[in-house]
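For clarity, chains are labelled A, B, C, D and E in written order, and residue numbers in each chain start from 1.
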Amino acid sequence: MIPTVPQPAFAKWCYRAYVTVFFVYLALPLTVVCVFAFNNSVFPSMPWKGFTLAWFFGTEAPFIGVFHERAIIRSIGTSAFVAMWVSGLAVAVGTCNAFLFVRHDFRGKALLYMLMLLPLIIPGVILGISILVFSSSLANALEDATGLWFDGLRPGLILVILGQFSFITTFASLVISARLQKFDPSLEEAALNLGATKWGAIRQITLPFLLPAIVASAVVSILMSFENFNTTLMLVGSDSPLTITMFDKLKQGSTPVLNAVSLLLIMISAALGMMSLLFQTKRR
Amino acid sequence: ETLRLLTWGGYAPQEVIDLFEAETGHTVEVTTSNNEEMIAKLRATNGGGFDLAQPSQDRIASAQEEFGIYKPIDMSRVDADLFIPSMLSATADNTTYEGDVFGVPHVWGTSGLVVNTAVASNVTDYTDLCDASVAGQVSYRLKRPTLIGFAYSMGLDPFAAYDDTDAYQDILDEVEAMLTACKPNVKTYWDGGDEIKNLLRSGEVVASMAWDTGGWQLNADNADITFVAPEAGALGWIDTFVLPARGRADDAAYDWINFVMRPEIAAMITNTAGNFTAAVDGDAGVNADLKARYQGSFDQAAIDNIKWYPPVPAGLEALEGATLDRINAAN
Amino acid sequence: MASDTSRLGFYLLLAPILLWLLVLIILPHVGLFIVSISERVGPREYETGFDNYAAFFNEPLYWRTFARTAIMSILATVLTLILGFPIAYYIAKLTRGRTKTTLFLMCMIPFWVSELVRTFGWMILLRETGVISNALQYLGLVDGPVEMLYNDAAIMVGLVYTSILFMVVPLVTTLDSLDDSLIEAGHDLGGTSTSIMREIVIPHAMPGIVSGCIVVFMLSLGNYLTPILLGGKDSLWFTGMIYTQFITRFNWELGSAFGFLLLLLSSLVVFAGLKLSRQSLTETMGRT
Amino acid sequence: MPFFTLRGPELSVSHPDLVCSDLTKDFDAFRAVDRVSFEVPQGSFFSILGPSGCGKTTLLRMIAGFQSPTSGDLRIKGKSMIGVPPNKRPVSMVFQHLALFPTMNIGDNVGFGLRQRGVAKSEINRRVEQVLERVGLPGVSQRRIDQISGGQKQRVAIARCMVLEPDVLLLDEPLGALDLKLREHMKVELKVLQAAFNTTFVYITHDQSEALVMSDNIAVMNNGKFEQIGSPHDVYHAPETAFVAGFVGDANKIKAKVSAVNGTFLTLISDGGSEMKIEAPANTLRIGDRAQVFLRPEAIELCTTQDGVNVSQAEVTSVLFNGANSSITVKDDSGDLLKIALPQTGSFANLRIGDSVLTRWLPQQARCYRAEET
Amino acid sequence: MPFFTLRGPELSVSHPDLVCSDLTKDFDAFRAVDRVSFEVPQGSFFSILGPSGCGKTTLLRMIAGFQSPTSGDLRIKGKSMIGVPPNKRPVSMVFQHLALFPTMNIGDNVGFGLRQRGVAKSEINRRVEQVLERVGLPGVSQRRIDQISGGQKQRVAIARCMVLEPDVLLLDEPLGALDLKLREHMKVELKVLQAAFNTTFVYITHDQSEALVMSDNIAVMNNGKFEQIGSPHDVYHAPETAFVAGFVGDANKIKAKVSAVNGTFLTLISDGGSEMKIEAPANTLRIGDRAQVFLRPEAIELCTTQDGVNVSQAEVTSVLFNGANSSITVKDDSGDLLKIALPQTGSFANLRIGDSVLTRWLPQQARCYRAEET
């Protein structure tokens, strides 16, 4: 139950064993993905054929390493580009939403809040296809009417960014709202009282207070954007982000290059996660 | 200019791109895909997003009719001398819609059987995949070529029924029954070329319906595995070049077409993709092993027996789709 | 709160959310519905009607896959809850300080990489020539290679793996907020572990349970990669059907209808879940 | 409500720092502050004492500029503040939970106001150090605010305001969050700081002991209105209304009826039936009126002889031993319950429940007000 | 530490409800409870009073079974409780923050323990209603716990325990979360409830006034040890150690040196230089020893004549008007500061800073202990 309530040793032991098994289960797939990035074989599977770094640095076919796979390098760039935009937009709109819902009372607030949560219960594929269908019809209508081309409304990076933004914003809004809720409004009043202007008080007091949440939601947004597949799949044009490129490759057949990319991704995400964590502990 | 190329895996090897970029100053961005996805993507972008695509010749006219996603090829900008004339004209015929030609040929090849002859030498026709001796070690795609291959192997003539919906539906129904019954034999339905190669190489699958090239590539590593032209006939396809309606880099696209059809470049592509091209003298530079394997799989009778895909009439794919769905759903 | 502050500021804050919800959520879904009720009568010719929905109900494949997806998703949700609850409880109530943070972060491990990579990892583990099969043979537990990929169990493993984080996190948060003294009070008043779990812990954790379940259910229902890559020839998933309609059949109209039905299903299940557990969406999901 | 003019005890200044006249605040139909008028002379410590919800915070926030009055005027140093935004008013406020900025260290907190005024950095540092020294916290400016104790935070909050040299310092129950011992200590310290800075303090609290100990003048507030303004001594010993008598200090409340009036001398009969004689100057009670009598526990004496007025025989019903604050409850012959403070000297310490005692109180120590009709 | 045997004031029972002998709890190297021994007779109200962190909660949790003692024994109604899990002990506990189950209504909260025992539903309802009536809350069982006030919650928490008819009720600072006025009220009410149920209460608090008002006996705890066990009166008026003298009640602390010993009579010279005469029976101080003298503010008298011992002339340095609890600080000729409670009668109310006064205290009213070496 809890440490202060005595329990039979056997039960405690079983519980611990279960927890251990659970974490092994969590770590297993990622571990094998990482390990097989170094297998000297064209197929990421047993048997182990010796250690190689070729899947990172190789230049000779079939051992072309990640760093020489143009498509993968390019798609990492694309993913980073998308993630930056998505996280920037999501955090900006999320911050506005936080202020709107925490600081204002208006008619329809509850309804709007519900609508804001809606993307959480819409499957990603549906978000993707609905945006695809809508923007296509819009583009068709506009093109018919004007004779111009509206490529921004066709599958491509803009739609990918908008599609991811459409549900990641909800997460950002929730994280930032939760923090703003803990903000004591009298801090802002104190700043006004000490001579700050309204915007000055928000800039010097409220935003620094929100910073940990803003950073956290930015990091989470980046991670979510990087790993998003379902929504992106439907909206991607000629520039595909990493997951889509990897999926295309995987459909061709798994190769240890995918392991190598994954290992790099794991390292980057871990570093990002650690950074945001350090940032938060320092802040708190 | 940047050439956004929508193509099959292996059709745009890095070395070719490097040469092309060095020579023309264009850059090339490759997206690999398959017929359905190419059409779907171009449909979604209304013919935008890419500058050059490579669907098979039989799938062009119907997609153009339905979605209008291509623009006609300006034959004056294509160096016709580079192409084997018969293939050029056959492709032109098959990809003509409302008087305009939409495709020029690039790579051709067949679908048939890839077999590990050490364990499954008895597999010589599509329907042999359903034999009990290879239960659980068989794979094929759940796509239209499979339907057609099985139909021929069952003694039917699907291409002849292309224009008769009812007759075609009857054929589909028969094939459906066959494939449904065959389902327990299948380990998994494969999707991409490398996937089936991996399955065969690891021994998880011993016989499969697949592209000829896969079989020949595996043969290089493991002499037991090779491509077998089925008794009912291999299915012959030609992948083409088409211009998406809203491509922005037509110059680069024509440059690419004319560049890759040069015999020496065509040979490079054949060496990576494993299939021969429609380029005049394209087979000159191809390595001897590949040619040998090709000849091993196809004697003259087998070549004569190749069933070339005619253009798919619009609407037919809906019927096939429903059949495929039912097979998928069957238990 | 700030009823007498400038209206301008308020409208400036209101604009982004309205724009977002209207342009990216509401209008696209209206659009989706409109497309779903148009029937193709010929090349580039469409009419309004409910044929696509009729097609769904008339083709057993479609509604069976639909039902199968729903049932498997619910199963995955229940499984995730059963597996995740003890972990969340362990982290929230039986560890402190550094251990707690570490374990909590370790739950995030799957989130460090994309779903694709996770699934890929499971493929390496489960396939016939994969790690587990080899390990079992090495240990002498089996004679020949065993295929563990391409079946529904593999899908479950993958779904649970992908979504466990989204169950554990809200559970840890709510269980953390359960004051230890309530459990102690339960014991002090004569309660046993089981009765305290049932009467005190679970009712308290209900918002977390519900929000975790909703998220996991949604993730499973909307999942595409896991069933496609881990599933076998019979493992159909409804998102796969939608994808097929959009990508390989070029049938956006039917695909839209499927999408709309999936949306309806998810809303229905979530609504039912909320009603049954007497929670509200705003309260459970709104608390991150 | 009459218009009071007050004077800081040892001051005689020309015009007061803060003047409120007929200040009113309505929230929709609800009147939170009701025509309040008062003046606070320069350098004095003015407390507003009242129960929770009586409108204290609303009043203070109107002075600070966070609420605008529905009607009435508000002048600081002679200038009307109506329409002046909070950041332009020469007042500073110490918030109930102090509102120190958690993202800044102490130096930055204290220097915040100066930075807003665009004071040079070196000048800010100098003045921050100086004010921190004055509140007894030299050299802490680099610390984070969670690295200092509750009492120190209190002083930082005051320093943050005082560095701006405000005309008036407003304090909203700043001791509310502290624990008992620290609160006792800070009471004294606040008064010392106020004297040292010689700044006008307006202090609100619901704790009578804070108000009594620190203030030069106290306004007792109830239901949005001021019931009395006066020195602590006046408020405690000469409450003007029944509310003040009941709210400030402990008191036995006895319902009674006037049975005789003799100049300023009243005779009343409690509802229980005991007779009380009370000297109540300036009252308007007549024979037969209902009245409420307030009698402080410490005003009742335990005695041994029957002589004097208001002596009665009673039985001890409970003994609450609490050191210097011990008390007993007695029931007199007519059944009225009275709480009596035991002398601090420790006499009568051995009283037990059931003992019989004689009680006595002086007619001028009870207060008596017309009972509100019920 | 001697072994105390106590008796509830009006009881004389054969054996006590709760006996602790040499109970000790170590957390790693740190000893939180140090060989504590005591007995609590049936039906009495026993308080453990001590500063924060002295080990009160740890002790109580050992009794309840949430901590197991490192050594020592613990018996309830004669049966050793070592190794008995909390849900099997005949004690109930009222938690500091009450720990009412927020997901249940009041009736379900109170009925929880009976449900665990498998009592029939109708019987549970009957007994819940009955106990709620006894704590003065009839008919609230359908309400949610956030629909009742703080004081009512307190009573529900007690009812939830009392319905199980425990041998001993443990209470861990249950009034800590209430506001001042309510706390004053609940103090009295708790004592009344305890008397009504006639159950043994073990109550821990750091608030001396709670302990003094409610308890039959108080144990004063410090650093894990019991410093004194005794009645409130004893603990207040006859503290056995310097810690008790300083912790219970207010006191002036004066450092001094013994200059003469005459039987139980000591003469001391404060560090400031003033002479004090103290009657201190049973002390072991010798001439030249350093000592600490404790003198309660209310033990010092303001007088008008020089006669008597311990009379000195002093100057008023501050006046703290606080109604009945007013006090002044004076500085005597030798510079020592003394806090003096002003008589509740209101005499000396007009003293001002700087006035000169005479102070006097009786030799038997000061306490004097050997100073700990520093």
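In this text, contacts are C-beta pairs under 8 Å (C-beta built on N, C-alpha and C of every residue); 3 or more make two chains touch, one makes a residue touch a chain.
What you see is a predicted model, and the numbers here were worked out from it, not measured in a lab.
Path length between chain B and chain D in the touching-chain graph (shortest route): 2. Common neighbours of chain A and chain D, by the contact definition above: E.
Of all chain pairs, the one linked by the most C-beta contacts is A-C. The most distant chain from chain E, with centres taken as the mean of CA atoms, is B.
Taking each chain's centre as the mean of its C-alpha atoms, chain A lies 37 Å from chain B. Annotation: 29 Å between the Cα-based centres of chain D and chain E. Note on chain placement: the centre of chain C and the centre of chain E lie 56 Å apart, centres being C-alpha means.
Multi-chain contact residues of chain B, defined as those touching 2 or more other chains: 202. Across the assembly, chain D contributes no residue in contact with two or more other chains. Residue positions 4-5, 45, 132, 250, 254 of chain A each touch two or more of the other chains. Per the contact rule defined earlier, chains pair up in contact as A-B, A-C, A-D, A-E, B-C, C-E, D-E. Of all residues in chain A, only 4-6 touch chain E in the complex they form. In the complex of the two chains, the chain C residues touching chain B come out as 43-44, 59-62, 64-65, 127-129, 147, 149-150, 232-234, 236, 244, 246-251. Interface residues of chain C facing chain E in the complex, by the touch rule stated above, are 179, 181-182, 184-192, 195, 199-200, 203-204, 206. Of all residues in chain D, only 180, 188, 207-209, 212-213, 232-233, 236-237, 248-250, 296-298, 301, 318, 320-325, 341, 343-346, 349 touch chain E in the complex they form. Residues of chain A that touch chain B in their complex: 43, 45, 64, 70-71, 74, 132, 136, 139-140, 143, 149, 151, 154-156, 237-240, 248, 250-255.
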